[in-house]
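Two complexes come next, and they have one chain in common, subunit A, joined by subunit B in the first and subunit C in the second.
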Partner chain A sequence: MRPFLTRRRGEGPWPWLAAGSVALSLSMLAGLLLLLAVGGLGHFWPAEVSEVTPREGAPFAGIPVREERVVGSERRERLYFTGNLDLDGERWRWIPLDAIAALEAPPELVVLERRRWGDFLGHLVALEDGGRRHAGAAAWPALEERLATLETLRDERDHLRDAVVAPLVRRLEQGGDPAAAAELARANARIRELQTAMQGATLVLESVDGRRLEQPLAEVLRAWRPNAMSPPQKLAAWGRGVWRFLSEGPRAANSAGGVWPAIFGTVMMVLLMSVVVTPFGVLAGIYLNEVARQGPFTRLVRIGVRNLAGVPSIVYGVFGLGVFVHGIGGSLDAWFFADSLPSPTFGTGGLLWASLTLALLTLPVVIVATEEGLARVPEHQREGALALGATRMEMLTRVVLPMTVPAMLTGLILAVARAAGEVAPLMLVGVAKLAPQVPVDGEFPFLHLERKFMHLGYHIYDTAFHGDDVQAAMPLVYATALLLVLVILVLNLTAIFLRHHLRARHGVASRA
Partner chain B sequence: MTDPRQLRRRRLRDRLATLLITAGGVGVVVSVLAIGVFLAWEVVPLFLGEGALAPAELWQPQPVEGYAEPQHRWRPEPLVAGDAVHYGMAPLAWGTLKAALWALLFAVPLALGAAIHSALYMPRRLRARLKPTLELMEALPGVVIGFVAGLVLAPWVERHLAGALALVVTLPLGAVAAGGLRALLPAFLRARLSPGWAGLWLAPWLLLVGSLTLWLAPALEAGLPGGDLRGWLEATWGLDVASRNALIVGLAMGFAVIPGIYALAEDALSGVPASLGEGALALGATRWQTLWRVVLPAAGPGIFSAVMIGAGRAVGETMIVLMASGNTALMSLSPLEGLRSLSATIAIELPEAAVGATHYRLLFLAALLLFAFTFLVNTLAEVVRTRLRRRYRRLEGSA
Partner chain C sequence: MGWRRAPSAGHRERALESVFTSSPATAGGPIIDFAADESCLAIEGLSLAYGETPALRDLTLRVPRHRVTAFIGPSGCGKSTLLRALNRLHDLNEEVVRRGEIRLEGQDIHAPEVDVAELRRRVGMVFQAPNPFPMSIYDNVAFGLRLQGGLRKRRIDDTVEWALQSAALWEEVKDRLRASAWTLSGGQQQRLVIARTLAVGPEVLLLDEPASALDPISTLKIEELIRNLKSRLSLVLVTHNMQQAARVSDYTAFLQRGELVEYGPTQTLFTNPRLARTENYITGRMT
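This part shows the complex of A and B:
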C-alpha cells in the first residue's frame, strides 16, 4: 500500500470551473448594474470644482472626471471637465498627475449652466442690471434672486406660447376670427413684454486664469457654487436635477436637458401595443388550448408560435415597414389624405405603426403565457362546470378564465417589458431623434397616431452615437439607460412575483 | 326546470363565441405565420424579370475597379453619382456568423458551466433565487448592453488590451486555484465554503484575481519583444486591432445570450430522471463522473437545443452589433477586427433606401435570410426538445 502515491479522490478542476462561471455571470450582471447606477445617478450630484495650478502654464478650474494610465508609461493622467467652450474652444483637458503643482477648492467658484456654449466654470465678478452694479460679495445673492425671477418669467412665457398662442394660431388658420386675432395680438404683446423683462442684465465673469467675459443673464439657466454647498444642499440639488431630467425636454441636440418626451413616447407606444396585443394574444391562446382539436396540427402551430418568439426583432421591423407603413399606410394616404400628398400622413413611420409592429413582436409572449396558464387549470374544474350544465362558453368565462388572469397578466407584463427595450424595429417604423410635438395634445382627435415619437432606447442610441460631443452627453446616456433598465427590471420583477404567486396557488402544473 | 328557449339562446351564444375565438385564433396564427411569405414575396422580383440579379453577384467575388483580384464588396448605393454599385452580401452574412460565433464561444462555456453547477451542486433554495436573477439579465435591453460595450468597454479594452486578454487565462485558473486552496484550509473554514454556495463566494475571489491580473498586466506586456502588445500582435500575427471589434461584440452579445442558454440547459439537466444519477452515485461514481458519463449523455439533445436557440438569438441581435462592431463589412476571422452584420445593415440602410429599388429588396432578402435561419434553428431545437421530454417520460416510467 502506497497511499501517498494514489491520486487523491476528488472531482478535479471541472466543478470549480462550473462554479466560477456562475460567479462570473453574476459579477458581470452586478458590474453592469453598478456601472449604470453610478454613471446615471452621479451625474446629478453637484461635483466639487477644483482650481488646478499646473507646473507650467495658466491655472484652470475643472471637475475631475476620471483617471487613466498613460499608454506605454507608468504615469497617470486625469481628465477634467473645464467647460468654457467660448473661451478655450474645448471643454475637456487631460493633465498628467505629476504636472499638477497645486489643487484647491475655493468656495467662491461658480458653475453656470448656459443656453449657448455649455457650462461656465470660474469666478463671478459682478452683476450689472440697468445701471446698478452688484459686485464682490453682493453679486452672488443678487444673481440667485435674478435667476429666480427669470425662472418665473420663463415659465409664464412658455405657458403663454403653448397654451394660448399655439391654439389661437391654429384657429386663425382654419378661418378668420376677429376675436381670436385680437387675443393673439394681446398674448404676443405680453410675450414681448416678458422677453424685454428678461433682457438687460449682464454678468461679468472671470475665468480662473483671469480672462473676463460678459454674459447676458437671459442665457443663463442655473448657477450654483458646489464648493460652498453643504451635503443637505447638495442632496436637494441632486433631487432637483433628477426631477428636471425626468420632467424636461432635451436641449442642445439631445446632449443636455431631460427625457420627458422620450418617456412619454415610450409609455404611449407600449400602452397602445398592450391594447392591441392583449385581446389577440389571449384569443389565440384560448383557441389553441381550449377550442382547437389537439393533434399534430395544433402541435405544429404551437411550435411555429414559439419559434416566432425567436425571430429577430429587426425582421418584424422590416415586416412592419413593408406591410404597415408602405402597404396599409400608403393605401390610407391614397384614399383619405390625397390632398396632402406627396407629403405622407400615414405612409411614413408613426406611433400607430410602431405599436402594431411591437404588438406583432410580443404576440408569441402573450400566447405562450396564456396557454401555460390555461394548461395549469386542473381538468376536473372544466369537467365539473360542464357536468353542472354550463356551455363551453360559460365554462370558459366563469371558471377557467378567472383562474388564468394572473397568467395572462404575467404574459402582458413580460410583453411590455420586451417592447419597452426593443429599439431595432422602431428605427424602421416611426421613432424620431427629436419630435417637437408629443402624440397627445388638446387638439382634435387628441391622440395623433400618425406622428413620430421619441423613445428612451432610441434616445440612448442616438445620443451616444450621433452627437458631436459624445463625452459631454455620456452622463445623460447613462441616466437614460439607468431609467430604461429600472423600468424593465421593475416590470420583470412584477411578472416574476405574479408567476411565483400563481404557482403557489395552483401547485405544480397539473396537465403539462 | 330550464326554459328550452333560454337553453337554445345559450347554445347559440356558445356557438357564436366558439366561432369568434376560432376566427380570431386562426387569424392571429395565420397572420403571424405570414411574415415569411410576405418577405419572400418582396424578394422574388429581384431574381425575376428584367434587370434580375444573378445569385453569383451576391455571393461570389466580383471584379472591382482598382483591384486585380475579384472582391467581395457591399456598396449598394454609389458614393458619388456614376460610381459602380456592388451587391456582394457575403461579407454581411460572414459578419453575422462571425459575431454569433464569437458570442457563442464566450457564452456557451459560461452558460453550460452555470447550468451544470446549479443543477448538480446548488442547494434548491439558492437555485430558486438564481434562475430569476439570470432571467433579469436576459431582460436587459440590447441598446443598453450595446451602449456599454461600444462606449465604455471598447475604449477600456483598447487601453488595457494586455490585461483584458490575460483575464481570459487567469479567471479560469483562479477558479481552479480556489478549489485547490480550499482543500488546504482547516476543516471548519472548509465547511463554511461549501461547493454548493461556490457560485457566490467565488465572486469576490475572482474579482481579486481579476484586479491582480490587471495590476500585473502592464509588467507582463513590458516583457514582450518591443514592450507593446499591439505592435507585437501586428508584427508577429499580422493582426490589426480595431477599437470596436468582434471580441467586444462577442463579449456583449455573449452576455446577452448566456441567460437563454442557461435556462434551457438547466431545464434539460435537472429534467434527467433522478434515478439515473442516483444509480451512478450508488455505484461509487463522483458527482462529476456521474454528470459526465450519465447525466450529460441523457441531457445532450436538450443542451444541443439550448445552444441552437442561443445561436438563433445571436444571429438576429441588432442593437448590440450595431453599437459595438464598428460596422465595417470585412471578410476576416480575426477577433480584433470589426464586422458588419445583416441585421445592423438593415437597421442602418433600410430607412434611407428607395422603396421598391434593388437595394430595398436586397435588405428584404437579408431579413428573409435571418428569418429563415432563426426559424430553422428554432424549429430544430424545439423538435429535439419535445423528443427529449418524451424520452425522459419513458425513462421515468421504466425506472
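This part shows the complex of A and C:
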C-alpha cells in the first residue's frame, strides 16, 4: 500500500487539497461529537460542591458550572449551580472571582434530588422518623438506608399502577366485570398502603448560611455527598446516572429524568418507516429501470423523483397531516371507531401517520439507490441468464435483484439517517411533548399505531426551547443529541452489517 | 416477455427499407454449401441494423452439424451481431431491425410459436468475458436446470457433475462446489460458463471469442474442449486469432463490413483463399 499522503512529482496540490478537506470534515465531525459528549456526559458526574464565602454577604454552597468575562471589563465571573429554589427563589448564581473570599469543599455537604423544588445543597442535620431522631453522624447512614427502602416501595407502587391498575381500568371501561372491580379495589388499597408507608419521615436540613428547612423524605429521590466520594464511587454513580437517563421517563416538564420513551419512539418509528419505504422504493426503482419503456416519460418521472428529495420536510408534514391524519385517519374513525367519537382514534397524529409521512419523505432516496444498483449490474450478467433460457422475470429475480440488494440497503441506510434526524414534519403528524406510555405494551394489539409517541429530535427541541430553566436543560439537550446520533449510528451499523453479510454471500466485492 | 412494448410493425418496416435498399449485396467468392440434412442452422438473406447503422448485409450461409465453424473478420465486421442473432439475444434491443430468416433444424426461429427460452436452451452462448453469476459453482451450473423446474435433486446433481466433466473442470472443483464461482481463475470461470451452458443440453454452442481474455494455457484447454465437444453438438466460434481458427475449426467464414466474403473448409481458406481480400486479412495485411 502506498503510504498515506506521499506526494509524487507532477500531482500538484490536488492530493493535499483532497486530504485536507477530508481531514477538515472529519475534525469538524469529531469536534461536534466531542462537544456533545463533554456537554452531555459530564452532567451525570457527581461534581464537587464548594462552600463559597463572598467578601460581602452570606456564604453559599454551589457546583461551579463555567466562567465568563464580565462584559466591558477585565474581571471574570463564575456561574454556580446553587439549587435551594425553595429557600432562595433562584437556582443559579454568578459571582465575580475577585469577590470570593474563601473556597472550601467540606466532605459533609449533601446534595438531595427532590421531586419538588429541584436539588438541595447544604447540610443534613437530622432525620426524624415517628419520634426517633437520628442526628449528627448517625443522620447520613440512616438517610441512605431509608432511601433504599423508599426505592423498593416506590418500585412496587409504580409497577402496581402501570401493570395492574391501568389495564384493569381499561377492562372496566369496556364493560362491567365484577372480578376486575374487586381486583382493582385490592390493588388500590395496596397502593394507598404503600403511600402511607412512604410518608412520615422528615429531614432537617440547613443551608450553609444557617437557614433551616424541614423536608418530607417521601419527596427525596436520591442523596449523595460528592465531596466524600472516592473516584470509583463517583464512576459508579455516573454509570447509574447514565443508565437512569436511558431507562427512565422524563420528569419536571422534560427538564429532568430520562429519555427512554423518546428512544423507543424514535427507533419504533424508524423501523416502521423502513418496513414501509423499502418495498415501495425498491418496486418503484425496479419498475423505472427494468420494466418501464425508457423514454421521455420515464426520464420525466426520474427527474421528478430526484427533485422530490429536495422538497422541504415540513411540506411532507403538511401533506401527512392533510392526507393521512385528517383524510385517511378521519375516515377510519368514522367507519370503525364511531362510538368513541368525537375523541379521535386515528384522526389525530400518531405513530403510524408519522412513519408513513417519513416513508414518503425518504422514498426518493430508496428509489434512486435501487435504480443505481440495478444500473450497475453488468449487461453480461443479464445476457448470461437470458442465454440459459431465463425469461426476463427470472433473470431479474435470480440474478439481477440479488446483486442489487446491497445497493438497496445503502438506500435504506441513507433513508434511516434522514428519517431519524427529522423533526419538523413530526410535529404535525404525531410526536408528543410527553407520552410516557410507549406505543408497545402487553395489551392487545400490542403495537398501538394510533398512539402519539416521543422522539429524541423533538425532545431536544422541546427541552432546549420550551423549558423554564434553560441552564438546567442544556446538559440534557447535549446528552439527548449525543444519544440521537448514537441511535442513528446503531441503526446504520445494523444495515451495514447486513449489507456486508449479503455481499460476502454473493461474492460481490465489498466496499462500504 | 413483452414488458417493453415493441415498436409498431410499420415503424420497423420503414426503418428496414431505409437501411437496406442501398445494400450492395456483393457477396464475393464461391461459397460452400451444405445439404439441408448436414446443417443445423441455416441463415437466409439475413440483414440487421442497429437503428440507422447497418451491421449485417444479406447474409446467407449454413452451419454444419457436429463441426466447428469459425467466424473471422476485422473488428466491427458484425461477428458478434451475427452470433447474437442466432439465439435472438437482439430481442431485448428495440433499436434492432432485421430482415431475412434463420432456421434451426428447418424451423424458423422467429416464428411466432417459438418459445425464446426454449430456443436459447437449444442454442447456447458463451461470451468473451467470463460471466459466472455471483453464486456458488454448483448453483451456477444448476441455474439453467432449475429454470426448467420439476427436476429432482439427484438428477440435478448428476447433470452438474456431467456438465463439469464435459467442460474438463470437474477435477479442479469437485471439492469446492459450494464455493463462490468468483473465486475461480479466469480460465476456470470460462470453463464453468461452458459447463453451465452444456448443462441445459444445447444442440448448438455459440462461442464469442471465448479465449481472448485468457492466458495461453487456459486457451489451449478451451481449444481442446471445443474439439472434444464436436462429437456431441455443433459449435460456432468467433475468434481474432488466426492460429486458433486454423487449429480448432473445420470450416471458416470470413466476414467484412457485415458481408460474408468467403466461406469454405478451414484448410482451403487458410492455405488457398479464393479472394485477395481474404488472403490479405489472413496474412495480416491491412486492406
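Keep in mind that, in the parts below, the second predicted complex is superposed on the first by the 456 of 512 C-alpha atoms of A that agree within 3 Å, B and C clash if a C-alpha of one lies under 4 Å from a C-alpha of the other, contacts with A are read in each partner's own complex, and residues count from 1 in each chain.
Basically, contacts are C-beta pairs under 8 Å (C-beta built on N, C-alpha and C of every residue); 3 or more make two chains touch, one makes a residue touch a chain.
Remember, it's a predicted structure, so these values are computed and weren't measured experimentally.
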Which superposed partner A:291 touches (first subunit B, second subunit C, both, neither): both
Between subunit B and subunit C, more extensive residue contact with subunit A: B
Touched partner set for A:378, first subunit B, second subunit C, both or neither: second
Which superposed partner A:391 touches (first subunit B, second subunit C, both, neither): both
Partner chain(s) touched by A:407 [first = subunit B, second = subunit C, both, neither]: neither
Set intersection of subunit A contacts, subunit C complex versus subunit B complex: 290-291, 389, 391-392, 394
Complex contacts: residues of subunit A adjacent to subunit B: 9-30, 32, 35-36, 68-69, 71-72, 74, 279-281, 283-284, 286-288, 290-292, 301, 303-308, 310-319, 321-323, 326, 360, 363-364, 367, 389, 391-394, 396, 417-418, 420-424, 427-428, 457-458, 460-461, 464-465, 470, 474, 477, 481, 484-485, 488-489, 492-493, 496
Contact set on subunit C toward subunit A in their complex: 1, 3-5, 87, 89, 92, 117-118, 120-121, 124-125, 127, 129, 131-135, 143-144, 147-148, 180-183, 193, 196-197, 200
Subunit A - residues contacting subunit C, complex: 290-291, 293, 378, 380-381, 383-392, 394, 398-399, 402-403, 506-508
Contacting residues of subunit B [partner subunit A, same complex]: 2, 10-11, 13-14, 17-18, 20-22, 24-26, 28-29, 32-33, 35, 38-39, 42, 109-114, 116-118, 120-121, 130, 132-137, 139-148, 150-152, 159, 171-172, 174-176, 178-179, 183, 195, 198-203, 205-207, 218, 227-228, 255, 258, 262, 286-289, 309, 312-313, 315-319, 322-323, 343, 346-347, 350-351, 355, 363-364, 367, 370-371, 374-375, 377-379, 382-383, 386
